[in-house]
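Each remark here refers to the structure printed beneath this line.
We call the chains A, B, C, D, E and F, going by the order they appear; numbering starts again at 1 in every chain.
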Amino acid sequence: MTQKIPIGKLAMLVASLTPVELEPFSAQLKDVEYCQGKAGSMNMQKVISAVETAGKRNHIISEVLYRETHALYHAILEALEGVMRGQIGAGDMMRTVGLRFAIVRGSPYEQFDEGEWLAVAFYGTIGAPVKGLEHETFGLGINHIG
Amino acid sequence: MTQKIPIGKLAMLVASLTPVELEPFSAQLKDVEYCQGKAGSMNMQKVISAVETAGKRNHIISEVLYRETHALYHAILEALEGVMRGQIGAGDMMRTVGLRFAIVRGSPYEQFDEGEWLAVAFYGTIGAPVKGLEHETFGLGINHIG
Amino acid sequence: MTQKIPIGKLAMLVASLTPVELEPFSAQLKDVEYCQGKAGSMNMQKVISAVETAGKRNHIISEVLYRETHALYHAILEALEGVMRGQIGAGDMMRTVGLRFAIVRGSPYEQFDEGEWLAVAFYGTIGAPVKGLEHETFGLGINHIG
Amino acid sequence: MTQKIPIGKLAMLVASLTPVELEPFSAQLKDVEYCQGKAGSMNMQKVISAVETAGKRNHIISEVLYRETHALYHAILEALEGVMRGQIGAGDMMRTVGLRFAIVRGSPYEQFDEGEWLAVAFYGTIGAPVKGLEHETFGLGINHIG
Amino acid sequence: MTQKIPIGKLAMLVASLTPVELEPFSAQLKDVEYCQGKAGSMNMQKVISAVETAGKRNHIISEVLYRETHALYHAILEALEGVMRGQIGAGDMMRTVGLRFAIVRGSPYEQFDEGEWLAVAFYGTIGAPVKGLEHETFGLGINHIG
Amino acid sequence: MTQKIPIGKLAMLVASLTPVELEPFSAQLKDVEYCQGKAGSMNMQKVISAVETAGKRNHIISEVLYRETHALYHAILEALEGVMRGQIGAGDMMRTVGLRFAIVRGSPYEQFDEGEWLAVAFYGTIGAPVKGLEHETFGLGINHIG
C-alpha cells in the first residue's frame, strides 16, 4: 500500500510553478491526468464552480456521474480550508482571492485495488480588495474517486 | 507593494521537494532565511512544539521576543488548518501525521517598510495509525513578523 | 439519477429504533448491507475506532483497502459533526456520549454507475459525566464508496 | 432524571417518515406538541426563518417572548450543524438544500422541574444546484425552553 | 423588551476589574446575582468544570436541575469561543490559560416574562506555557435560564 | 516580559462603558493610542470595513502599510469570533448586530523590544432583525503590530 505517485505534491507544483520551473517534473506528470485553471473572486461559490467546470471540461471527472462530482466537491472544500485557514464562511468577508488551481487524478498506491484518487490544489493570493494588500495562500484536498 | 519573493511557495518547495528537485530553486532561496525539520505524531501540541523549537534553534525567530513566537505560532496554526482541513481539534482523533516542515523568513514586498514576513509549510501524510492507510496533506501559513 | 433507496434514513432508523419499531422497515433493509453497534466514551478517538472496527468485522467495508477506510472515516467524521454540533474538538471537553450507531452500504441511485454509497448514523445521549445530565444527540454522514 | 420522552427521536421521525410509516408512533406523539414544514433554499437565512415562522404560527413557541425565539434559534443552529456538517458558512457556497423539518416541544424528563425542552430536526437532500446531484442530510438540535 | 440590566457587561467588569475599579459599579451589581473565580490550565475540561462548580457552590444555578447545568454549559462554551477564538479544540494544543471568570444571573429585560438570563465572562491571559509568552484574552457567553 | 498595560481590557472598557463610567480609566488611557466607533449590520464585511476605516482615519494604523492592515484584520477577525461565538459564517444568517468598537494600540510589555501591539474590542447586541429580540455580545482580539 506504499504510495508511489504523490498526486498532492504534483497538484501543488502544477498550481504554483511557472512552466519553466515545472519542466523537471514533466516525466512524473505523465503518470497522471491533470488540468489547471484560474479563479479570482470574493465569492467562494464562484471559485468552487470554476474548479468543477474545469474538471468536467477537461474530462478529469465524469460530467454525468454524481459520485465523481461529490468526490471533487469534497476535495475542493478541503483545499479551500487551507486557502481560507478556518474561515471558509469568511469567503464573503471582504477578502478577495486570486488563485491558480490544479486537479490531478491518478492511482497513487501500489496496490491495484486502491484505484483512483483526486488531488485539488490552490495557490495564489488572498487579501483586502486592494491590489498589493494581500499575501500568498495555498490549499490541498485529496479524495478517493472512481 | 508588489510581491517580489514568494516566501510561501518557497516554504512549500522546501517542505516537499527532494534535494535534487530543490536544486533549481537554490538561487531564490538565497534571498530568504529558512530551515526545515520533521514532526510525526498524533498530537498537535508536539507538532507545534517541533516547529517552534526548530525556528528558535535555527535563529529564524528570536528566542527571547514573545512577539516573534506569537507571529510564528499563528503562522503554524494557519498551516495546520490546511493539514487538518478544518479538524484541528481532531488532531487527537486517531489520525497520525508524518510531516516535513519548512519555515521561511524574508521580505516579500518591494516596499521596504513592509518589512519581514514568515511562511510555515507542512507536507507529508495523514491517516489511520496503520502504515499505508494514509494520504498526502499540505498546509501553508503566512504572518508578518519583526 | 433519482434516489430510490434512502440509505441515510435507514441508518437513522437502525440507530434509533427499538427492534419492534424497526419491524415495518425490514423489507427496505433487505436492499442494503448494514450493521449496528454501541460506543460510549468521552473520547472521540474511541468512538471512531468502534465504528471502523464494526464496519470491518461485519464486512460492510473491506479490511484491506485504504480507500474504503477513507470513505468510512469521512462519513463518521460528518456524522460526528451532527453529534457534537460544531464542537468536535470538544469531544474531550467533559461531555460524555452514549451512542448507538449504524452503518448502511447500498446503491441509493437508480443509475447503475452511481454505484455504492455509505451512510453512518449515531443516536444516543450527550452530556455531563453524570447520569441524567444529558440529552439526545444525532448525526448522519454520507459518502461514496467502492 | 431519566428521560421518558425522546423528543429528538420523535422530531427525526416526523421530519423523515411518510404518514404511513409514522402511524405506529402516533401514540408517542400525543405526549408532545409538534409541527412540521418544508424549507428549500441555497440560503441558510431563509431556512432558519422558515422554521422560526412555523414554530410561531403553530404555537410551538411564543410569538412575543424573546427567550423562546432564542431557545428555538439555537436549536435550529445546532440542527444545521448536522445538515451542513461543519460548513454552516458554506450554506451560501453553491449547495442547495431541500429539507423537511419538525419542531417538537415536550417534557422529556421524569423530574417535573426539568420542564419543557425543544427538538428541531431536518431531513432532506443537499447537493449541487442540479436535480439528482445530491444526497441525504440530517440534523438534530435540542434546547431547554420555557 | 428593552434591556435594562446589561448582565454581559457586568460579567465582563467583574471578571476583569480590580476591586477598586469595580467600586463605581456596586450599585448596578445589586440588581443581579453573581460570583467569580479563577481557572488556570491547559485543559478546557478543567476550565469548564471550575466554572460549573463555582456556579453551583455559589447557588447561581441549581445543583439538581439539569436544565440549569445545560444553560450554564452552553454559556461557558460560547464564552470559550471568545477566549480561544475559533480554536476550542486547540485548548489542548500547548497554549495555557490563566483566567478569572464571572457568572452573572439576572433579569435583563423590562418585560417580566422574559425571565432570568445568565452571563459568563472570562478574562485573563493565553499563551505558550512559559511565563510572559502570553497576551490577554476575553470571552462572553449569554443564555436564557430558569 | 511582564505586561504593564492591559490594552485588551482598555479596549473592552472603551467599547462598553459610558463616558462617565470611563472617567476613572482616563489616566490609563493616556498610555495608549485609541479610537472608537459604531458598526451595525447583518453583514460581517461591513463591520470589518468600518473598523479598518476607523483605524486608518484616526491614525491608529498606517494607511499605506499592508503589514499594519494585516495585523488589524486578524485582530478584528479574532474579536468577531467572540461576537459570533463560532458562527462567523453565520454573520449573514439572519442575525443583526449593533456594535460599538474600540481599537487600542500600545506597548503592553515592559521589555522594550516587544514593541507595539493592537487590541480590538466589540460590545453591543446580536439577535433577530427585530428590535428587542437580541442579547449582549462581546469580542476581543489581540495582535502584534509595527
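We take it that contacts are C-beta pairs under 8 Å (C-beta built on N, C-alpha and C of every residue); 3 or more make two chains touch, one makes a residue touch a chain.
Every value quoted in this text rests on a predicted model; they were computed, and no experiment measured them.
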item	value
Remotest chain, subunit A as reference, centres from CA atoms	E
Degree value of the rotation bringing subunit A onto subunit E, based on Cα positions, nearest 5	180
Chain whose mean Cα position lies farthest from subunit F	C
Separation of mean Cα positions, subunit E and subunit B [Å, integer]	35
Where subunit A and subunit B are represented by their mean Cα positions, the distance between them in whole Å	20
Centre-to-centre distance between subunit C and subunit A (centres being mean Cα positions), rounded to whole Å	29
Shared-contact residues (touching 2 or more other chains) in subunit C	1, 66, 70, 86, 88-90, 92, 109, 117, 132-135
Of subunit E, residues touching subunit F in the complex	1-3, 6-9, 12, 16, 21, 24-25, 78, 81-83, 85-86, 88, 108-109, 117, 119, 121, 123, 125, 131-142
Touch list for subunit D against partner subunit F, complex	44-45, 48-49, 52, 66, 69-70, 73, 77, 87-92
Of subunit C, residues touching subunit A in the complex	1, 64-67, 70-71, 74, 109, 111, 113-115, 117, 143-144
In the complex with subunit B, residue positions of subunit E that touch it	87-90, 92-94, 127-128, 132-135
